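The same subunit A turns up in both complexes below, where it pairs with subunit B and then with subunit C.
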Partner chain A sequence: MRNQNINKQRHLSRKTILILLFIWTFVPFIPILIWSFSLRWNYPSLIPEFSLRAWKYIFTQKEIITSLTKSILISSIVTVLSLLIGLPAARALGMYHFKGKKLVSLLVSLPAIVPLLAVAMGIQVVFIKLGLSNSITGVILIHLVPVMPYMIMNLQSVFEGYNPEIEQQARVLGANALITFCKVTIPTILPGIIVACLFSFVVSWSQYLLTLIIGGATTKTLPLLLFAFLNSGDYAIGGAVCIVFVLPALIILFGSSKYLAGSKTM
Partner chain B sequence: MTKLQLIDLTKRYANNPEPSVKNFNLTIQPGELVAFLGPSGCGKTTVLKMISGLLTPTNGDVLFNDTSVVTIPPEKREVSMVFQKPLLFPHMSVGENVGFGLKMRKQKKKDIEKKVEKMLKLVHLQGYASRRVKELSGGQEQRISLARGLVIEPRIFLLDEPLSALDASLRIEMRELIRSIQRHMQVTTICVTHDQEEAVMLADKIALMLDGSLQQYGSPEIFYEQPKTKRIAEFFGCTNFVKGVQKGKTIQTKFGTYTLPKLTEDNRDAYLVIRPEAVEISHESNALKAKVKSRIFMGTHVRYIIDVFDQEFQITLESATVYKEGDILPFKLIENRLWVVPYDKSK
Partner chain C sequence: MDEKSRPWLMLLPALLIIVFLFLGGLVFCLVQSFNYQPIIGSYTVNLDAYASIFTDKAFLLSLVYSLYIAFGSTLLSIILAVVTAMALRKTFIGKGLAVFTFQFPIPIPHIVSGVAILMLFTQSGFISRIFNMMQLVDKPSDFPELVYSNNGVGILLALIWKFMPFIGISVLALLQTTGLAYEDQAASLGANAWQRFRYILLPIMKPAILSTSILTFAYAFGAYELPFLLGGVYPKTLAIIAFEKYNNVDLSYRPQSMAMSIVITIIVVSLILLYRKMAVKNEVSS
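Let's look at the complex of A and B:
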């Protein structure tokens, strides 16, 4: 009973925090949302003149659709690649003890600490020589730099909480190696993997500077387009693009929220 | 019911010149509950993993009812194992966890449900099948783990320190539960533990392991009454040893000469083993005299640390005795509770 009460209390406090977070996250979007439905919004009027101009523009402008697909494509590929690179690294860091582990950990987190602008300049010179500049491949590669620390650090904590004995437990209960991997290993670490992928996707999704430096004018992802609209001073379209920009991240976030909340490791 | 035989079982790891388990020989009769007792790192778990097939022995053989099983992979060996941690599968319900082994054996859904419910009843968690693993307490988790291991009706049931992660009161409850279920199901069981008291309370027989080899095997009483070596006696809580010379069934020490009828005849340097309980107050003229160094009240009895011939002894007497620090305590040894072990030069 006491246990249940504590659980209930925990549940309540968790709910309160969620609501506060919700407000914190979404209140800033209110003016943006209003802007996107406005024709103009001049001082001293409290409510702007309503118009669907910006939204009509967005759904008819091929440029926006193209960069949306491009952004989704790039971030997805970056996520998958970073997962493939990150899994073995994180497993090693999370489960084994070896000499120089701290140094490796530091090196892994370095891209999240060092200002990437400086690094990107150097990389660009190399990329130009390799013919990777102004290409989607180049953008994907440069996105991997800031994404990897998030991927590895997230997965590392998954493996730190993972007890490989659970595989032995499945084996003695009658599961062969393949069934153990599919039915026990993967489902056990899946919530953590999903969270790590989510982080990686969002980090890649919101890259502006790196895409600009390496991708140049040819790889216009959504953030690049957004900046262009904001610079042009058209706040209505800027607001609408903003919302389109945020939407995929939100969809992913809510889709995977059940894994984010209270993922209990063993 | 399955008879388990371990023959010359040896495990050597590549990075270690000393084998973790060496020449382990043991026969466990069908339906017996045996405790593997020993300090951590003595190779107990390695032996379990070789029985279950999770490790391949470097040498030796494992026989179930006189048939070798070393080439059979763990999933086909019909051995189940409960680990120190419950290791429940977090993405499955309690019922799915318990039924996992049956599902792997492709049993019908209806049969699985029936067996799972029956097993849950046996571990006093009836009606928990649809619960999520996250909702369980530590003790409940370990009971589910137990149920999951037993529901497949294994030929051999292995427990690797299943109680050490639980707190004291739960440990006793679980110990009783394991004992009663084992009796009920008559499955040949090995339970690994480093806790001497747990081994004594739980098992029919104890296999004491030190440094990768089997030191002594037998009923719990034998380890108290007739330990083979000084180390074994020490492991079972005896700290009083007096050097002497054994001639036949008689041992001569500075405490006197004692004849032990159960002793094998031998002529050698030896230790007289005096368990803390093998002492009583004596007012006879030939009583030994000791100086009390400290008195510790233990509830049902009193533990005295005494000084005899410049050697420190620990003895336990009934709680009515009231010798204070510095008092002279006259005592004698209870002859039929003494034992002799060979003299150990290394110590």
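Let's look at the complex of A and C:
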């Protein structure tokens, strides 16, 4: 009897926590959504004057489309580059034992942990001299600093669970190194690669301060534009840009949520 | 190819990026913090910038404020993450949806959580309107100042929204794999709920809590975007005053801004090294 009561209590408290968790997680999106469909939204009304102004603006204004294109371009290039650089590095860290591995692991993870304000402000003088400041190339380079560690750490755990014997079998059966890599290695770790790429894309996509310091006004990516609208007090367009800005994250959540638990992205 | 040099060759491109961009950037920041600025013809090397920031009350206040934001957001996130992970650790109907909800904020950009908190918690925000409907609040100024205020509550809320699942999901993974079995054993030996939590589950959760909270602390301590969106005029976080000084048209403020960023970096790196030392000690003792 007592046990039953305790079970009931536990059930109830779990239910309460779940309801609170649901509210805490999803309610924050409600005002963003409402704002994006509003013309005016005066206090204390809970419902605004409905309008599609913000969404029309987003799909027709050249400023927003340019900035969206720039963001997609920069984040895609950053992702591909960090995959090319990160794949061999992750394999080395995940499958080889060598002296100094611990130190290398620490070094690789540091740029993802340490705030990069000092790095960006410090390197800016060099980028100016090299003509990289205020350019997309410069922004791509500085984005590599926080993105590459995530790529490597995510792929490293993929390689730690990877059995290289199937590669040897392919080689024994006569496949050369390139064919083995394309037809055996890549397909086996493809789910891991996709998740790592999606996360890397989002890490680059979310950068604000690094883009601002290195890119200045010329590389106005989506987060920079979002800040501009919020500062001007236009919450309607701010809300709509916010929803576009969150889309890649939603793709991750609905497309690969079962892989999320093992990922190392904050 | 020599087997020994093989992993190093595979690591080479990544290490080049880290050495030239990351460590290089830090070195250039350090050099400029010593007043060495060839751009404006300053070739001297001294510690003036550090002397001036450490005697500047505004900087010291910002240091304390940033520590408050970092400790506050991390500690509250740990507590909430542990409570939620404990509630989700056993199987129940709807667990899939619950875990999906729990991890939902992880890939969402920090800025979005900032915008959400902004629209919810300003004095004329969504919550204030709901309170008005419930006749708890008459006009916006009756609603407590949580955003744009010196108490930093808005910043904390936005950070916790992001941090809690990040800590919690990794705690949950440990609870589910090792926690449940030990817990049942302890229960059958007569340990009560508190004892099971204190002596079984908490030690199991500890590595996950430590490894994730060092990341959240570092992020919060150096945060720029969220304090910029949600903070008040005074005090400001370290990253904000450093970037303001950096943006000053008068380039003679640059060394001070570099020195502030170096201080942020040194504090975070020492914490990471301390954590690694602790982690190694734990490995040895167990």
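Here are some notes:
Quick note on the criterion: the second predicted complex is superposed on the first by the 206 of 266 C-alpha atoms of A that agree within 3 Å, B and C clash if a C-alpha of one lies under 4 Å from a C-alpha of the other, contacts with A are read in each partner's own complex, and residues count from 1 in each chain.
As a convention for this text, a contact is a pair of C-beta atoms (placed from the backbone, for glycine too) under 8 Å apart; a residue touches a chain by one contact, two chains touch by 3 or more.
Note that the structure is predicted; figures quoted are calculated from it, not measured.
Touch criterion met: A:Ala175 reaches subunit B, while subunit C stays clear of it. When the two complexes are overlaid on their common chain A, residue A:Val119 makes contact with subunit C while staying clear of subunit B. By the document's definition of touching, of the two partners only subunit B reaches A:Asn163; subunit C does not.
Judged by the touch definition given at the top, the superposed model places A:Pro187 against subunit B, while subunit C stays out of reach. Residue contacts after overlaying the shared chain place A:Thr218 against neither subunit B nor subunit C.
Touch criterion met: A:Pro111 reaches subunit C, while subunit B stays clear of it. Judged by the number of subunit A residues each one touches, C leads among subunit B and subunit C. Once the two complexes are overlaid on the shared chain, A:Gln9 sits clear of subunit B and of subunit C alike.
Looking at the shared chain after the overlay, A:Ala89 reaches subunit C, while subunit B stays out of its contact range. In the superposition on chain A, the residues of subunit A contacting both subunit B and subunit C are 262, 266. By the touch criterion given at the top, residues 49, 52-54, 73-77, 79-81, 83, 85, 87, 89-91, 100-101, 104-105, 134, 137, 148-149, 152, 158 of subunit B touch subunit A in their complex.
Against subunit A, the residues of subunit C that register as touching in their complex are 4, 6-8, 10-11, 13-15, 17-18, 21-22, 24-32, 39, 83-84, 87, 92, 94, 98, 100-113, 115-120, 124-126, 128-130, 132-133, 139-140, 161-163, 166, 169-170, 172-173, 212, 214-216, 218-219, 221-225, 228-229, 239, 242-243, 246, 257-258, 261-262, 264-265, 268-269, 272, 276. If you check the complex, the residues on subunit A that touch subunit B are 3, 163, 165-166, 168-176, 179, 184, 187-188, 190, 262, 264, 266. Taken in their complex, subunit A has these residues touching subunit C: 13-14, 17-18, 21-22, 24-32, 34-35, 43-46, 84-86, 88-89, 91-93, 96, 98, 101, 104, 106-108, 110-123, 125-126, 141-142, 144-145, 148, 152, 198-199, 202, 205-206, 208-209, 213, 223, 226-227, 230, 235, 238-239, 242, 245-246, 248-249, 252-253, 257, 260-263, 265-266.
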